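A, B and C are the chain letters, set down in written order, and residue numbers restart from 1 in every chain.
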Amino acid sequence: MSTALGKSVVATPPRRVSLARRIGRIEPVMLLWILLIGALLFLVAFPLGKLFLVSFETRGTGAFTLSNYVTAYGRARYIEAVVNSLTLGLASATIAVVLAVPMAWAVSRTDMPGKGLTWTVVLGAFILPPYLGAVGWILLAGPNSGFINVFWRWLTGSESPFFNVYSFEGLALVIALNAFPLVFIFVKSALDLVSSEMEDAANILGAGTWTAMRKVSLPLVWPAIMAGFIIVFLETIALFGTPAIIGIPARINVVTTQLWQFFEYPVRVEVAAAYAMPLLLVTAGMIATQKLLLSRKGYVSQTGKGGERRPIKLGAWRWVMFAWCAMVGMIAVAMPLFVLLQASFAKAWGRGLSLDNLTFANYYLLIFEHDMAMTSIWNTIWFSATAATIAVLLALMVAYIVNRRLVPFGEVLGFLALAPFVIPGIVMAIGFYAAYAAPPLSLYGTAALIILAFAARFLPIAYANSSSAIRAVHPEMEEAARILGSGRLHAIRMITAPLVKKSLLGGWLIVFIVASRELSAAIFLVGPRTRTMSVLLYDLSEAGNFEVLAAFGGLLLVVTLIFVGIGMKLVGRDFMLRRG
Amino acid sequence: MSRLSILGLTKAYGRTRVVDNIALTLEEGEFVSLLGPSGCGKTTTLRMIAGFVEPTEGQISLDGEIISAPGSVLPPERRTMSMIFQSYAVWPNMTVAENVAFGLKLRKLPSAETKRRVGEILEVVQMSHLAERYPSELSGGQQQRVALARAIVVKPAVLLLDEPLSNLDANLREEMRFEIRRLHDEFRITTVYVTHDQAEAMATSDRIAVMNAGRIEQVDAPHLLYTRPRTRFVAGFIGRTNLLQAQVENGEIGFGGISVGVGQVAGAEAATTRDILVSVRPQSIGLHRQRPVGEHPILAGVVAQRTFLGETWDYVVRSEEAGGLRLRATAPPSQIHEVGEKVWLEFDPRQMAMVE
Amino acid sequence: MTGITKRTVLGATAAITAAAILPARRAAAQTYTAHEQQLYDAAKAEGEVTWYTGQLQAQPSEAVGHAFTDRFPGVRCNVVRTTSQVAFQRLSQDYRASVAQCDVFSSTDYSHFTFLKREGRLMEYRPVNAAGMVKAAREAADPDGYFQVTYLALYLLARRSDNLSEADAPKSWRELTDPKWRNKMAVGHPGFSGAIGNWAIMMRKAYGEPFFREFARNNPQVGRSAGDPVTTLNAGERMLGVAVPSAATLFSASRGNPLTLIYPTDGTLMVAAPSGAIKSAPKPNAAKLFMEFMTSPAYSEATRGFYAESLRPEVRPPEGSRPLDELTLISPTPEEVENGIPEVRELWRDIFGV
């Protein structure tokens, strides 16, 4: 028996290993890493870099200039649009927080009845495309003809409308009604992690339910509330459809509608790029502020499972909470959806509900006579499906490499994959336009441009999803396969892939669904043959025929609901609303 | 030729050397444990053997062929080893039988042969009746048996176990520890076993390599580690001990006023300095009410503290005679001394060891 | 609701079904001129034509596309209908990206065509059928044969007949600055609609910039396309539509909406809206064939159901439309349009904020 003490043995230098063997032993993962870096640079870094460069270029010659910035900020109207956007973002985010936080608290912490209904409301608001919600609210709250205002006048005999959708408040509310699910998902997930013992500790010291909520539960989830606020803010300043549909009649110009003007003939992408730059600064500023505000105090640990959780008994108050959720459900989903459906089956929607006003002609027109309608449905499905596949595959590979620490500087990949999250979609689209529309790639008007832009835009969703899926699979699962003789790729195929399949499918569907309703990025990138449903809806809204518009919105919802249904069936009821 | 040979193996992350120049050789069919506290580098060593971690320096060879060296690591899948993980890593998407058959299928065995061997090994680990179950339907111990069967069925060149029992409860742990040894006796697979539990290592291993701070302190058979610890760390880590300052003078080792011959204390003949450390196991100290007769060295003292541990009494005796020296000694449950009682301590030099 | 009779409902249904069914029935026996036949054969090989248009509303545009394919089976028409400015914007983007996608371009903005012609981006092609068009159309077409007039649009005022009587209603554009129309009007946007741009040029010419300031003070609801106010009126949101297209208004009225046209005493705006084939058209023969189609009687028949003015003497004017010679017509010159549109667009945006 040989006894070898580490210290006593003189280490001999290892024998040289032949070069051929060294190459034979390189893992394919390094090549993959290079490929992924390439893909991410192409999808994320290059369009943004190009956007930045273009903002300093003279049109035509490409010479350096600052004049784009002078043009972009040279008019009071343009600056006013920026101010409007920022104010609107703050207003919508505030409304969304006010709407969503009580709902999240009630669903997560209390014995409020009708939680299932609340979930449906949140899901409904989430899948209703913003511009469709906007049209619904025009039908509801047009100052003279909207159902709400007509009813109000009939009730009170008042001359003035109850609520005018064509106003700053109207615009902010309509956006918030669509965006509040983001806040809800964030806050509810965080509240789910707060142990009841936290509240018990406050109760035992003499705090009532409300005080405990105000002083303990909510402050603990402050980062989630803030994250939700920031997301809604970013979504709002990047939104195109709703401001175009409601903002123009309300005579409110915002950054996105102004950017659209720069795309009028002659297309001034250089000025648009210069105009978009501060949006990036605002975004960066928001994220920095968030970091600063959250850096000192301790908050709920996102991983902790500690302690039991049981619902707080609200007594009669639970009906108050329920009423709040029901009210949000009414104004965010039920009422807009109802008027849209009514309009879609109406000959003239202003004539209201009556049998002789009922028709299928709007649907008939779209399905059988309107070439573009069916083409756009098909476009939407395959663009979104391809984009979702690209995003999920790419995100999966990046998440795998980053989580398994396979390469040095893997975090760079992770950073790039998450970066589009903080870039307003419309800026991203202009970046894609600047980078790839013109030669040498000449992707303008092709499906590829839209697919790539969608894939890049929603990469962060896919990445967050893939990352948590990969993290849930213990690395030893794969190592066990490898030591038994399976190569890394084989191990991934046999072991990891089947284990993450379900949550990836969920991620795929979420990307698919958000891509299928995406307008802000699509509007700048579509060509005549690559129009998506969202763009066609927007075009229809210009044509002023609300009945056909509503019917097409109905078709869009049917398509979305089919995929949501598939997701619920395969992945679980709450797959869209999990925080991935 | 030895089966597995590790030479000058080092792993550094930045400036931290988590594994520091270790050497170890395993003979065919040998069962060696890497034992040490958490963070001592034992798991990193195991993962280097498996090929999951690339060494910074040194090399690992299997049957004379270098399989790991800086810049060149044979991937795990080409090492013909198998491994059992702390988390079991039983694949939840496959049944017990599919889990076990995985390695065999990769070796492209005929399906009848695969089926036969899976059946046999499941018989061995007493899991035949659960072959079609999914892992989520099994208990922790059963999952562990699946992991064992899966690793053994491929007849690996080396079997690696990474703290395989740390997630089991105490009773099951004891049962599985004998199970692992039984399987080793049956299949004689060269095995490297990583654990922080000395009882586990003692029960299973032919030899134990005690690791501390990235280095191997001592490699020996379990009983030799106990009776002949070579370092202060080993003496303290394996069982409990009294570490005493002693002086070597004229062929005698003296401490606390008593002296024993250098030749009687293990390892003392190699002493090169005057001041040395001697490990005296509490069990080797006799505890008497009356001064015993005999040639063994004796010290008088007073019981300063006592703890009843169930299987033994644990007494701390303070000896004024030896300049206030405090010594720990154990006694059977029936031997009861009160605190403050005067006792005599009897030492057996053959159970002492000089440590570095 | 008011103003609905069984007859109008039936009429509306008939109009919709007619648009769908009639061309299909006609498809059975098609006769082509030799020239058409020759182009048709070449176009069949190309298979499709892509038409960017901001001229007609979505529904008639689609109907034109169908009528074309019914007349020339095997040549599909991709109808890309938006507002004129957006259509032109897309064409500009195509050009800037060096991508040829559009075969035929139609807009309500004459200046688009003078610009494209100057830039050498239009195909020189005078359709044989153009010789048989009405005088107004022939006169407004390009003398060098680069583009034809395929739509004579009239823009005027429309009122809700149920809550604004003929006596109370304004008679002229000038009266729109009267504060009594505050919060009662709806109008399109020159940034989106070429027709509104034309109208704004004429208003600026007649009444100067103060007209817009006073008009804006009356807070009209600003939509995007010229047709938007029709919907706004139908909804009851506003009662007076400004610079609405006659065709869309008459069509909407035919569906039972209580709308009545007002021909302004200071001139009904007539916009000659051209179409031209693009020089870099990917399907050049289909493009020429489409130009032949748009100057032929089949096109006027297809659009007549949507109350477009007839461009061919053999096709009757649409129901409810006044003969052109009874009206005071105003039209900007091509030069006025080309220089004026960007100016009035900026003027508008400075005044209205959007």
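In this text, a contact is a pair of C-beta atoms (placed from the backbone, for glycine too) under 8 Å apart; a residue touches a chain by one contact, two chains touch by 3 or more.
Nothing here was measured: the structure is a model prediction, and the numbers come from that model.
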item	value
Most central chain, Cα average position	A
Chain whose average C-alpha position is farthest from chain A's own	B
Top chain pair, ranked by number of contacting C-beta pairs	A-C
Distance from chain C to chain A - Cα centre to Cα centre, in angstrom	38
Separation of mean Cα positions, chain B and chain A [Å, integer]	54
Inter-chain centre distance, chain B versus chain C - centres from mean C-alpha coordinates, in Å	90
Junction residues of chain B, two or more chains touched	none
Interface residues, chain A side, partner chain C - complex	77, 80, 139, 142-145, 166, 244, 247-249, 251-253, 257, 261, 263-267, 347-352, 354, 356-357, 361, 365, 368-372, 437-439, 442, 444-446, 527-529, 531, 539-546, 548
Chain A residues touching chain B - in the complex, by the definition given at the top	1-7, 9, 11-12, 14-15, 17, 21-22, 25, 27, 474, 476-477, 479-488, 490-491, 494-495, 498-499
Chain B - residues contacting chain A, complex	2, 7-8, 20-25, 27, 50-52, 57-59, 66, 69-83, 85-87, 89-93, 102-103, 106-107, 147, 150-151, 154, 160, 207, 215-221, 230
Residues on chain C engaged by chain A in the complex (per definition of touch)	1, 4, 9, 12-13, 16, 20, 50, 52, 57-59, 62-63, 65-66, 76-83, 85-86, 88-90, 92-94, 96-99, 101-102, 189, 191-192, 221-225, 227-232, 234-238, 255-257, 349-350, 352-354
